[in-house]
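Labels for the chains are A, B and C, by order of writing; each one numbers its residues from 1.
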Amino acid sequence: MTTAETTAGATLPAPAASEPSRWKKIKEGLSFFSRSKVALAGLILVGFWVLIALFADNCLITPRCYVGMVQGDDITQWATSEEYQSWLSRYSPVEQFRGRNREGPSADHWLGTDTRGRDIWARLAHGSRSILTLAPISVIVALIVGGTLGLAAGYFGGLIDEVMMRILDAIISFPQILLYLVIIAALGASATNVVLAITIAGAPGIARLVRGLALDIKTRDYIAAAQTRGESPWYIMFVEILPNARGPIIIDSMLRMGYAVFSIGTLGFLGLGLPPPSPDWGSIVQAGRSAIQAGRPWEALWGSIAIAMVVVGLNLIADGLAEESQRYR
Amino acid sequence: MTKFLIRRIIFLVGTLFAVSIAVFAISELAPGDIAVNVLGNTITPDQRTSFNAQNGLDQPVVTRYVRWMFGSDWQASALIGNSLTKVYDADENRTKWWAVAEDNVVFYNKTPDGETMYRVERTIQPDGKLGESREIELGDDVWTVNDAGDKIFWGVDEDGRAAMWVRGAAQEEQRLTKAGWISIAGAPSAYIPLQSGLIRGDPGVSFITRSPVIETLWPRLKNTLLLAGIAFAFIMPLALLFGIIAGLNEGRGLDRFLSITSLVATATPEFASGVFLIVIFAVWLGLFPGAVVIPPGTSIFDRPEMLVLPVMTLTLIELGYVLRVTRASMIEVMRANYIRTAVLKGLPYFRIVFRHALRNALLAPITVIMLHVNWLVGGIVVVETLFGFPGLGSYVLTSALNTDIFALEAATMVLVIIAVLTQLLADIIYVYLNPRIRYT
Amino acid sequence: MNRELEKQQQPVVTVEDLGIAYETRAGDIHAVRDVSFEIYRGETLGIVGESGCGKSTVAFGMVNYLGRNGKIAKGNIYFQGQSLVGRTPEELRTLRGDQIAMVYQDPMTSLNPVLRIGAQMMEVLTVHRGVSKEEARERCIEMLGKVNMPDPDRVMERYPHQISGGQQQRVIIATAMLNNPALLIMDEPTTALDVTVEAAVLDLVDNLRREFDTAIMFISHNLGVVARVCDRVAVMYAGEVVELAPVRDIFANPQHPYTQGLIRCVPKIGRSKSSSVLYPIRGRVPSPKNLPPGCVFEPRCDYAREACRTQKITFRPIEQNHSVRCLFAEEIDPAAWTPSEDLMPQTLQAIPAEEREPILQVDSLKTYYKHASSSPLSLIGLGPKEYVKAVDDVSFTAMKSLTLGVVGESGCGKSTLIKTIIGLEDVTGGKVDFMGFDLKGSVNTRDMSTIRELQMVFQNPNATMNPSYSVGNQLERPLRRFKVVPKNQIRSEVIRLLRAVKLDEYYYNRLPNQLSGGEKQRIGIARAFAGRPDLVLCDEPVSALDVSVQAAVLNLLSEIQQEYGTTMMFIAHDLSVVRFFSDYIAVMYLGKIVEIGPAEAIYAPPYHPYTESLLAAVPIPDPTIQQEHVRLSGNVPSPLNPPSGCRFHTRCPRRHLLPNDGKICETEEPPLRDAGDYHQIYCHIPLEQLREFEPVFEVPAEGR
């Protein structure tokens, strides 16, 4: 009902203005989760692991340790050092309990122990850190790369668009897992290469989405208005177009975050993830795989549950967001 | 319509070439030396040089790409002056290249001293085996003078490679045989390793297994096609049916149940859902085997129950995705103006759904779904690894982990071709269903 | 037609106190309240009103198609004596498409894209009447013939995307008429169509009603359309019918203040802004969530009294066949109405012809778009190059401080023309001279002062502002870029601009989604004038607005123009609006100007035959004006491959005036005929003959 108003003579007084405050925005965000049960469930699943990741031990307050851990090389020294204090994790992820390998859940070891007698809970708790750090990083990198390409292709159109999209289409038509395999096989397994692989695999999809949005938004009159002011293409792309594409991009990023966790887990499972003894979730499942048939499925089972919780949680949040945004349309 | 399809085909062929270049280039980037990777770091520099020369690894990357993609036999054949062919040698239990002398007679060349050239001929017998070998001494006139003034001879060496000997410049060659490294006198100065090229179906010989990649790849591919085919046959009808049902009941309990379940199924990584299924069906209930073991001499058809859990795992993840895409499309279509028209024309509900909504609702997801075959490939790699299934997926993974370059490249190309062909198929179905493209 | 006899019959449909509500999280919203009317056989009842007044809701309520959250909350609908409320879905289904048929606003999306036309038509017969396919086919072809569809046999085999918009609407009408329904509901059936196509479809509706004696409920926002086809008219406002009367009474003797206001908003054909003023209705339509306690129109009514604020007003007859929802209808004399002071007509000072100086001279301007040819060769760059000749060889001059209007149907190139001038499209050929500068190339090759001089007002209020930024932010940007005022005065300048478009400073922090369409359009105008340009190009600035808002925006534009002495180019497809606003008018067809001249000269002979057809087609909101009946045949040809010679020759209704049935039109470009006073016509027909054309209508005398 936007097209119904008028007066000619007197100026129109504005109805009581409502300044959107920061507090109000936060409240709005929270009320979204109370409206959408699906998103709330997702938030609980993901939030659980975020809390665990934050408070597994005193590592996060020592940045040196944290950076090293993400890179997967410092963990052994750190977790055996004097400074180390385990909080929520209860044990160090590398401490081996002699004679207690492959045990089921018990009061001492809530989730049991792995092949080498390490506490599975401690390993999962620490593993959540790398996966919950690498996934957002890779999505953000992919967003920057794919978003810029997509904006440029969509806004400029023509030959730039044609060539760029053909190349990106070619990457999309390439099974992602092969991309991971070839890249990791060529460059070796490391956190950086995992991010690189996920960026290369994810950026074309983002570029496609952003291009579609840019193609739509650039036909709006306010873009023509900016052009008739003689604004530069970069101003139009990033200031006029990008902010209006944020809704779908946020939803897509949430989904991609899920894919990224999914992919990082899969790489770990295939032996292409972070090198041991990093408590990588995928690697934990891989290590426990052979014992399932022997009736000791704990290691593989807990690892699978942990990763499923995070991916499903992220997808639920994305689904809730998408549904909510549809409602407003 | 033709234009649309021609466009797609040109694009797909282009994609395949681009992919082949990319795969080759990335493999080339592999850290370390192939020789070291293959032979271990105990090799001597001499052995390494010989290995690289014999396998053409000393050539520039473009040459190697051309040989890998389009083959090297035609190039070598022109230099030698005879046509070349592959014949199975029962003595060595492998297939190698020979020059063709005349009908059913093949040969290779050797020179013990670098001066006298011999031709070793063998007859191909009617049963396909090779007959006795016959050495013929060749005259001096076989040597030709090249630009540099050297007297040279191009032939096929004993190991099935095109080789160039230079008269009087006999060298020692380090050759890896089953018995280990040996030195051979009278070795050629340059080699062209023979292969007929990927586009003629020869992806080369694996450095790791020393056997042609195609021989190990083919049975794996058959297993994988079986697994994926069965999974696909389950996924498609179920997913489309449930997707349509969910879409028609948007917002109701049934739809909520189907959407949430499918979301959970799709989001859970294959290795995780596979583990859950194994724990439930193999460990607790003991209904199906939790791993695929095929003893030599038997086929997968002897114990088809081994396929149940892998197929179930693949179905779970793909079913959810296709279901959700179909559901979303169905909802959108049911809101379209032409559905309103159909309702207000007083048509019965089933006629509206099946005649007016269905075809439109399948239009959008068909390309998305087919593009998802890429994900099925990913699922296959994980599922095959999890269940120990001897298919192409686990083959790719093993090749990648062992840096078995030719095997990795070949398997990757096969999977990409499959993915690209399904996309072409999707385009054809799309065009068939969409009169706006069919009649323009 | 013997109306008295008809009245004695039972009405086809009777609506009694109908109330329709939508369930939302915040409770029921009563979108339609207390609507009562009846429609007889062979009668067309028009339902007219601005957007959001509940017209379409009533239409879909009649067939009980209200979506999952809509419901009939009150009242009843009797169709041929039987109640439609509370019927089972199956009973409703047998009525829909058989006894009650519907025609929709957007024909393209209302047809199923994957089914052939024939299949979509035939199923109405096979489902409802159980006839055989062969018979159904024959009857469909026959019906397509009746709706004047060329080549019905082949159309049956076509898909919807293969026929034009006008033909699609004919198909939908034919489908609706197949079972000879007792009631035909038409929901804005011509809104998406061009004016010449609209005229032909309206003729068709009239003929069909006569032939089949159907009762028609005709919904439109366009008073002119309603005046042309309806017998009786119901005026809706905010979910209620406020007045119901025969069409002549509604226009000649409106009794409800809203109806009176509505009619005063619309520019009369032939009037210009120098001689008349549009009187917008103040205030805005209340949201159905927040209705006034008494009369729904009370907050905007000039005659409102205390009684209007407290009680619900009943819908009551004041004369035979004339009902109104107003307490004081008898006391209100529309002739005695005087506008409030700020709405008094300003006496615009006309610039004498000899003092007019050119500001923009366009010479043989061409704008072509490259078009991928259909040949497969074009994939590798070998195919023949094809061009869409959107603007082809156009020349004209715009005079300083005056308005040049450009009219034409969609696809005639009028938007491309101004986009080329402002630099959003590249010039393919020709010359644009603006105050001595040669405007070539796109906007980013021009220097800042030229950019500042040329600004644009856009069509769609919902797209004219960037939804992410506040009003103040968006008005500041041009001020900063063009350095109009020193940095420390930017805020006060923004507020000055806001006041200039009649908005107060509280709008500074508003986001676009908090504004109504008219407000957004005002901001768009303020933004265009921020850099104090010399030439403002208006691309259909009011066509997406409701008439009452349209009037206010037109007044605002002319006021600002007067104040700054700005030159304007004004595009519109509505000929009354263009005539009202422009001093000169150019008529475009398929990329060419066919006629250009002073506004009053365009609306009287000598005409170009195309101008004549346009004028004959324009719906005039006055049933007393008789329009000459000139209708165009065929479709607009593709600009990819325009006809040779005169581009209009394929559809020209006057070709036969030339020897040899206008053979020359097919081969030779038409010569320029100068009728004096910068009135130019491009036509092969000699000026003398053009002068002899009958005027399409008598322009009523100027004055109120």
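Throughout what follows, contacts are C-beta pairs under 8 Å (C-beta built on N, C-alpha and C of every residue); 3 or more make two chains touch, one makes a residue touch a chain.
Nothing here was measured: the structure is a model prediction, and the numbers come from that model.
J.: Which of line, ring, star, complete and other names the graph you get from chains that touch?
T.: The chain contacts form a complete graph, every chain touching every other.
J.: Taking all protein C-alpha atoms shown, work out their mean, then name the chain whose own C-alpha mean is nearest to it.
T.: Looking at where each chain's C-alpha mean falls, the closest to the middle is A.
J.: If you tally the C-beta contacts, which comes out ahead, A-C or B-C?
T.: A-C
J.: Just curious, how far off is subunit B from subunit A if you go by their C-alpha centres, in Å?
T.: 32
J.: List the centre-to-centre spacing of subunit A and subunit C in whole Å, with centres computed as mean CA coordinates.
T.: Centre separation, subunit A to subunit C: 49 Å.
J.: Quick check: how many Å separate the C-alpha centres of subunit B and subunit C?
T.: That gives a centre separation of 61 Å.
J.: Hey, what residues on subunit A touch two or more of the other chains?
T.: Not one residue in subunit A touches at least two other chains.
J.: List the residues on subunit C that touch subunit B in their complex, please.
T.: The touching residues are 63, 65, 68, 93-98, 101-102, 104, 106, 109-115, 123-124, 127-128, 159, 161-162, 172, 175, 374-376, 379.
J.: Which bits of subunit B are touching subunit A when the two form their complex?
T.: 11-12, 14-15, 18-19, 23, 26-27, 29-31, 259-260, 263-264, 266-273, 275-276, 278-279, 282-283, 290-291, 371, 373-375, 377-378, 381-382, 385-386, 396-397, 399-401, 403, 408, 412, 415-416, 419-420, 423
J.: Which of the residues in subunit A come into contact with subunit B in the complex?
T.: Residues of subunit A touching subunit B: 38, 166-167, 169-170, 172-178, 181-188, 258, 262, 265-266, 269-272, 282, 285-286, 289, 292-293, 295, 297, 300-301, 303-305, 307-308, 311-312, 314-316, 319.
J.: For subunit A, which residues count as touching subunit C in their complex?
T.: Touching subunit C from subunit A are residues 1-14, 17, 19, 220-222, 224-225, 227-233, 240, 243-244.
J.: Can you list the residues on subunit B that touch subunit C in the complex?
T.: Against subunit C, the touching part of subunit B is residues 2-3, 6-7, 10, 251, 336-338, 340-348, 351, 355-356, 359-360, 363, 433-436, 439-440.
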